[in-house]
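Labels for the chains are A, B and C, by order of writing; each one numbers its residues from 1.
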Amino acid sequence: MSMNTPAPALQLEAVKKSFGRTHIINGVSLVVARGERHAIIGPNGAGKSTLFNLISARFPVSGGDIFLNGSSVVGLKPHQITRRGLSRSFQVTNIFHNLSVLENLRCAVLWPLGYRYAFWRRLAVLRNANQRAQDVAAEIGLTHRRDTPAGVLSYAEQRALEIGITIAGGAEVILLDEPTAGMSNSETEQAVALIRRVTAGKTLVMVEHDMRVVFGLADRISVLVYGEIIATGTPEEIRTNRAVQEAYLGAAAAAAAETGHA
Amino acid sequence: MEFVLVSLLNGITYGMLLFMLSSGLTLIFSMMGVLNFAHASFYMLGAYFAYQVSVILGFWPALLVAPLLVGLCGVLIERYGLRNAHKYGHVAELLFTFGLSFLIEEIVRLVWGKAAVDYRIPEALNGTLFTLFSSNFPIYKGFMMLVSVGMLLALYALLTRTRTGLIVQAALSRPDMVEALGHNVPRIFMLVFGGGVALAALAGVIGGNAFITEPGMAAAVGTIVFVVVVVGGLGSLAGAFVASLLIGIVQTFAVGLNVSITDIAALFGVELQASGAMARLTLTQLAPILPYLFMVAILVFRPRGLMGARES
Amino acid sequence: MNCDASPPPLLHPRRLVSWGVLLAVLIVLPLLFSKGFALSLLCQIGIMVIFALSYNMLLGQTGLLSFGHAVYFGIGAFATMHTLNLLGKGGLPLPVTLLPLVGGLAGLLAGVLFGYVSTKRAGTAFAMISLGIGELVASASLMFPALFGGEGGISGNRVVGGAVLGISYGPQIEMYYLIVGWAFISMLAMYALTQTPLGCMANAVRDNPERVQFVGYDPQWVRFMMLVLSGGFAGIAGALSALNYEIVTAETLGAQTSGAVLMMAFVGGVGWFHGPIIGAVLITLLQIALSGLTKAWLFYFGLFFLCIVLYLPGGIASLLSMHQRLWKARLLGWVLPSYVRLALPLTLVACGLIGLVEMAYQRAEAAEIPLRLLGASIDVTLATPWLGALAALCGGLVLLRASWPAVTGAWRRALLRLESREET
């Protein structure tokens, strides 16, 4: 890579993953430029969530290489990758159930603000951490619930908190795994607006089933089928791509249209 | 040579006894996610019940009746105690069995007294099976081996040949799926708990008279059994088997070997200045802590245990 | 026990007042209970409060169930005893007042050593590893008599050197104030820890260790640091026990001590900072009271613990906080009358159970003298007392079942009222 052109935010080179004899990811290569909003779509079981788990080191890769801002992150632990500025959300809500909304958010800002494992500083006087947690709570519309334990929030509120925790630390590269899964139409609209707001100026990679969300948010789209990327391009290119239509989009678009009428 | 063979036989006997305990513990853990802290207490109950039954009916009926009775106790305890703790999570379950071990020990003290009871090897099994060089191998040890191998085969057959066994096996790897498939999981839990503690009781029936039947016997063997399942890998039956034999044999050898650390060092060509208390320790003295050292070593180099697959 | 999210003023006045009141009570207590027995009891309670709070740093705060916490307590105690004996030989210029620091340091170092191994895993595996390490240290302690004194333990004399500022630690009252001083400092420090970044992340690790990784923290390191710090406070408690009793035996770091501290923390309530304090006070008092009354006290103890696990998993502190909530809303009167209906069933159950247990014990001991219970003399060889006790137990349980809905009903009504009030 030359010194003049900035390294892409995220780059995957022939990434592979197999569980036993089953190959889930068969050599995926992908380049996501800085500031780009990239969506990964594909039928169920295509390996989208697995791909996220590989990028964030939840699972180790079986082969290939992953670069974050130009340097390889393969072999690092999840917390080390997070410290390098990559943050992810989860498909199944993954929050701190017994902590309040504000505490959840504060947990997410402590490391980026440099407080590490400090046991000699009082949280109450860490103004920047508390301020940032309150700002994020306002951003995700949960200020009125700030002292409520996360476990008793409604589903949509928990999904908002999930996104809040993911972006609170100010990571430059954000992975969202099906952020609108299980939401009603109006909730989805709010969620899209929220995602657009909180990821402004950042690099966003998202897995999403809802095509309105995908085509509304993404600059570029990659289509993952059976562990391989069959096409990457702008929404317009993907919409007109023959292979994509055949392999995937036709059926899904029909389904999306149907849910749109319902 | 003689020492090696005799120690090996003794070690295998002891290891098989450990496996009778650790297999039940592993089955219960894999199915229910709860490590039964009171498992060794059921081993003790088995010995005491066998003693009581053998006083009235003799040893052979006791061999059958005692494990069944203890299994029944296990079923009742699961139904009316453990199941209530289940809704508060694994910590509550573990604490329930911890309190249970405490209570069972006190009940044993209340009913049978503080001293050891006179639970003896039956006359028919008293004697020498064969003589190896100059050491006698008692019939009873052979009998213990027979029972434990028989149990191992029965367990294997049960797990691979019966419907219940298949469900249990499935639950070993994917407990959530088994529940999703609509099996009556609470009833399976109850049966597995009863069966698991009955296995421990069987070990108590044949172990109680070989060693000693006293209120402290549960605590003495309990921690070793936990070490076995951690070393073998939590939830792995094969791991429990290997670790049981390994720890049984290692400990038996250590007890018999009267060499000091200095001697061992000399064997490897290292000359130790034999002055510290450390250097004068013999392997026999170290025997009680060897399993724990073993566990620490395993954890440092292989945190999952020998054959562990699933995180707790 | 969570870190508070809403930032209060620098030092909340109400909190300052409650700490002040606590300190005042601790200072005045020995004036009310000045007898030798009461004073030594207070000393024991003070030590156990520190120990139980240090235990709760693991269980309540970080979600680590330990069966081997006595290791750090015991190592702190032994280190202090050796240092004390060194002081006696004039080897070290260190006042006895600061010896708990030595114990704390020893506990801290032990935490670094054993914590490295045990915090690699969480959950059930951690529990088993802590048990194994506890056994390892307990059996190893018997192997090195020079360090641990073998079966007899090692003893020392806390009155060494001259009196500093008139304090020699000869009289028990001076020992009491030493314990209170260290207990107060430790409590403050442990409370402060819950309000720090590490304390907050410990709560997060307890709730969801996986997500902690994805906000940049290493859960294993959080567990390790909490264990090390908790070992340090346990070491301080151990040091005070060494100074108080002037003897340390292998039992100090054995399984019984580990079990006792676990029970204290859990019975008191691991979800509240003050829970373990309640537990330490209650269990210590119960130990003294019951062990004097009956030989079967450990049985009652085990039963009590099981009942707490099954029916009150939040501990005494949760019971108190439930009632406090009603008290504040002036609704306590709604539930208290229903408790009266429990009096008869509970008395019957208690009488039947105690009768059975005491008779069983008497029979097992094969004592010649007849059992004396509540002033009555009972012949345990007859069938009548056994049947009577059994009938009382069963009848009591049936009655308890019948009158329980009255209590739950009263609670439901009170809570409904409370909620409807909060909404308006």
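In this section, contacts are C-beta pairs under 8 Å (C-beta built on N, C-alpha and C of every residue); 3 or more make two chains touch, one makes a residue touch a chain.
Note that the coordinates shown come from a computational prediction; the quantities given were computed from them, not determined experimentally.
In terms of the distance between Cα centroids, chain B is separated most widely from A. If each chain is reduced to the average of its C-alpha atoms, the one that sits nearest the average of all protein C-alpha atoms is C. Distance between chain B and chain C, defined via averaged C-alpha coordinates, is recorded as 31 Å. Taking each chain's centre as the mean of its C-alpha atoms, chain A lies 48 Å from chain B. Each chain gets one centre point, the mean of its Cα atoms, and the points for chain A and chain C are 45 Å apart.
Chain C contributes residues 59, 63, 65, 67, 117-118, 120-125, 127-129, 131-133, 135-136, 139-140, 143-147, 255, 259, 262, 266, 296, 298-299, 301-303, 305-306, 309-310, 313, 357, 360-361, 364-366 to its touches with chain B in the complex.
The residues of chain B lying in touch with chain C in their complex are 29, 33-35, 81, 84-85, 88, 90-92, 94-96, 98-100, 102-103, 106-107, 109-113, 219, 223, 226-227, 229-230, 234, 277-278, 281, 285-286, 288-289, 292-293, 295-296, 299-300, 303, 311-312. The touching residues of chain C, counted against chain A in their complex, run 2-8, 10, 192-193, 195-201, 203-204, 206-208, 210-218, 221-222, 225, 229.
Residues 56, 77-79, 82-83, 87-88, 90, 94-103, 106-108, 110-112, 115-126, 130, 133, 146-147, 165, 169 of chain A are the ones that touch chain C when the two sit in their complex.
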